[in-house]
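First up is the structure itself, then whatever we jot down about it.
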Amino acid sequence: MNSDKKKGTCLQSEKNKTAHNLSSCFENVRSERPLVECITNYVTVNGCANLLLAAGASPVMADDIEGAAEFTRIADALVLNIGTLTPWVREAMKTSLAIAKERGIPGVLDPVGCGAAASHTRLSLELLESGVSIMRCNQSEAKALLGLNAAAHGVDAAMADQVSEANLGEACANVAELARRYGCVAAVTGAIDIAASPDGRVAVIRNGHPMMADITGSGCMLSALTGAFAAANPGHWFEAVVVMLAAYGAAGEIAQKNLLPGEGSGSFEMRLIDAFNLMNTKTLQEYADYEFI
Amino acid sequence: MNSDKKKGTCLQSEKNKTAHNLSSCFENVRSERPLVECITNYVTVNGCANLLLAAGASPVMADDIEGAAEFTRIADALVLNIGTLTPWVREAMKTSLAIAKERGIPGVLDPVGCGAAASHTRLSLELLESGVSIMRCNQSEAKALLGLNAAAHGVDAAMADQVSEANLGEACANVAELARRYGCVAAVTGAIDIAASPDGRVAVIRNGHPMMADITGSGCMLSALTGAFAAANPGHWFEAVVVMLAAYGAAGEIAQKNLLPGEGSGSFEMRLIDAFNLMNTKTLQEYADYEFI
Amino acid sequence: MNSDKKKGTCLQSEKNKTAHNLSSCFENVRSERPLVECITNYVTVNGCANLLLAAGASPVMADDIEGAAEFTRIADALVLNIGTLTPWVREAMKTSLAIAKERGIPGVLDPVGCGAAASHTRLSLELLESGVSIMRCNQSEAKALLGLNAAAHGVDAAMADQVSEANLGEACANVAELARRYGCVAAVTGAIDIAASPDGRVAVIRNGHPMMADITGSGCMLSALTGAFAAANPGHWFEAVVVMLAAYGAAGEIAQKNLLPGEGSGSFEMRLIDAFNLMNTKTLQEYADYEFI
């Protein structure tokens, strides 16, 4: 993939090419009610569980090796989020990921803090190299995983790393390279979301609202949700991720519209979960704004 | 107790027999402001603390052996919730439960994940056998603790294990057996709540709203609250549990009524805590729907 | 400082003496967007991160020694909150505090549970003696750190320890003594907030609303915010703390006013974060009620 060639073509592709799959990808989560196990940080774990429930999935959060492994043996998806790490959580992640691969259920990675903390980068690379199905991260983390010079110094993406229409071609090339290099679906989110499959497909999703960056956990919740959408759509992980990114972004747009006077970032998380909970395929089709490039 | 005999009689008992105690059981939490120590999972811990405060109790959350034991020596109740486990949390639970028994304060157990994960079942049985005052769980966990074939594969009760009017007699017999076998008050909650005392009393509580299953922690919060109601009503744990189940279910009903347009499961937890916080005995008496059978 | 002499003079000092700094202290958080690392308890960690974002700061929560130390090397402030402790968290706190001192970034301590649990008092004293920049606690914890007889038996301040106009002089003397003894800015909050600098300045802040005591984490969130205000106002930590206490209290007042019918403590936390998120310097100046004594 050549990033220069992409620059001019990103916006010219046929819009919403998989529109016929959009409804089923979304509805399958509700009809399948997948059991999604998350080994995740304690900062945003509550929101992750609540968004999974709002989407129609069944969450189970675990962190000790024994319990985590037991749940992986019955779960429909495994989500690893490395936001807060302890020695036993690292071990639980490796053990559960091995079981997930053995069982053929999707294993999702959110490499929180990559680039900002070397220990997070190391663990992310180790997990990626052992094989994950889907990775969801922000632009700074994506750059760090590609060995590029990322600007992030915390767990949020740096302004300098934000994707805009101006640098979209280069950003798409980076995400495609991530997907290719690690053999997984890669979803890199921010002002503009980009998803890529290991076989070279790339999608750009323009849903969402800037307020999503004003709450903690908007990325973590999305990674948890990735487990649900992948589990409910076997064989269609890439399409499911694209639909999910559109749906989550749409929920953010609706949440912002639903804010009452005097409501700010504190109420936004509730309204975001509300919007996802009440979303139907009609609303989703109305809002969804994505294209395959 | 014979489950067959119960089937026809469950609904024929005198309604709200302990109505004279309802107000005091509820008000005692506010007047006594019991210190409730919770060794609980990190997923729903914030909601547990906030519901305790909303009810008028004072929460303290602990997990390392030393700190947990220090608080148990001054607490008015101890609540053990095994949702997320680590080796030191297991030890802290055992140490604190021994102190609670020595001091004669109520020890509450929420056996989260029993039946779904063998390690959770083992720890629950160990804690039950060492002696707890009150156990609060869902139907799938209750079945697992009785050695019956539970359908749950996560931390939520399975649909197949739900209590309805059709299988209420059998469900009541199971809860009564749990109370008898483990010598504790047993509260098993779901679409219909059932409470039983170790001396053979059984109550059925029909408050609540299905949306309570759409948020994480509605069971955990109830278990935390159990500590507050037990501490504030010494010698009347069974009655206190019945009143609490009615009050919590009523709060769920009110919360659903209070949802604004565009609000779903994201706002429901706030409205549930709001409703419990603003509840008074007049509202409680208006909503409470329970009977002793 | 003589507590008797202060009793009559507390209310006679020139009001809002540093009013010219108020706006800049507040705005600097938004313009500097400091990276605030919190090693904090898992009960209220989500609210801490969300309040930091609402204020314009960038939060990063950590707890293992390696990751925590890596973030301290790039953070603009470090906040230590000892609400829930484990052996590795204790070590992470000591390691990160040493790095913070070496780098000259502010180190904030919230000595949760001091006085109620001896292990919490011991660790607090150890951290204070190794040197912190700012300490934020409640009245019961302040008394315990001074070796006075505190009434607290949980993590909330005891009624008997509350500051009122009647005992304000004595309370101010205690806070001044804490600041002097440990060479840090001390902020002791409750119905009336008091701040003192190690060089003998004392301020009384009368913003806030009683509902702030009805939610878990109102103190923890304030301690997290202290890191942001200190980082954004180098050389003016005392003034920044005073402005922050006024702003946070004002947000509490606004949050209470913004409650809709049927809303109680459950919605209050959202509305508190909303109010801080939407606050501007005009609103702050309108609400701020503090004096230097």
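We just call them A, B and C in the order they show up, numbering each chain from 1.
What we mean here is this: a residue touches a chain if its C-beta (ideal position, glycine included) is under 8 Å from a C-beta of that chain, and two chains touch if they have at least 3 such contacts.
In this text the structure is predicted, and so the values were computed from the model without any measurement.
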| query | What is the shape of the graph in which nodes denote protein chains and edges denote touching chain pairs (line, ring, star, complete, other)? | reply | complete
| query | Do the two copies chain A and chain B share over half of their interface residue numbers, or under half; same or different? | reply | different
| message | Between chain A and chain B, what distance separates the C-alpha centroids? Give it in angstrom. | response | 35
| Per-residue overlap in chain B, given as positions that touch at least 2 other chains | 42, 46, 269-270
| Tell me, which parts of chain A touch chain B in their complex? | 35, 42, 45-46, 49-50, 53-54, 58-64, 66-67, 70-71, 74, 88, 254, 258, 269-278
| remark: Per the touch rule, the chain C residues reaching chain B in their complex are 41-44, 46-47, 83-87, 113, 116-120, 153-156, 214-217, 262-267, 269-270
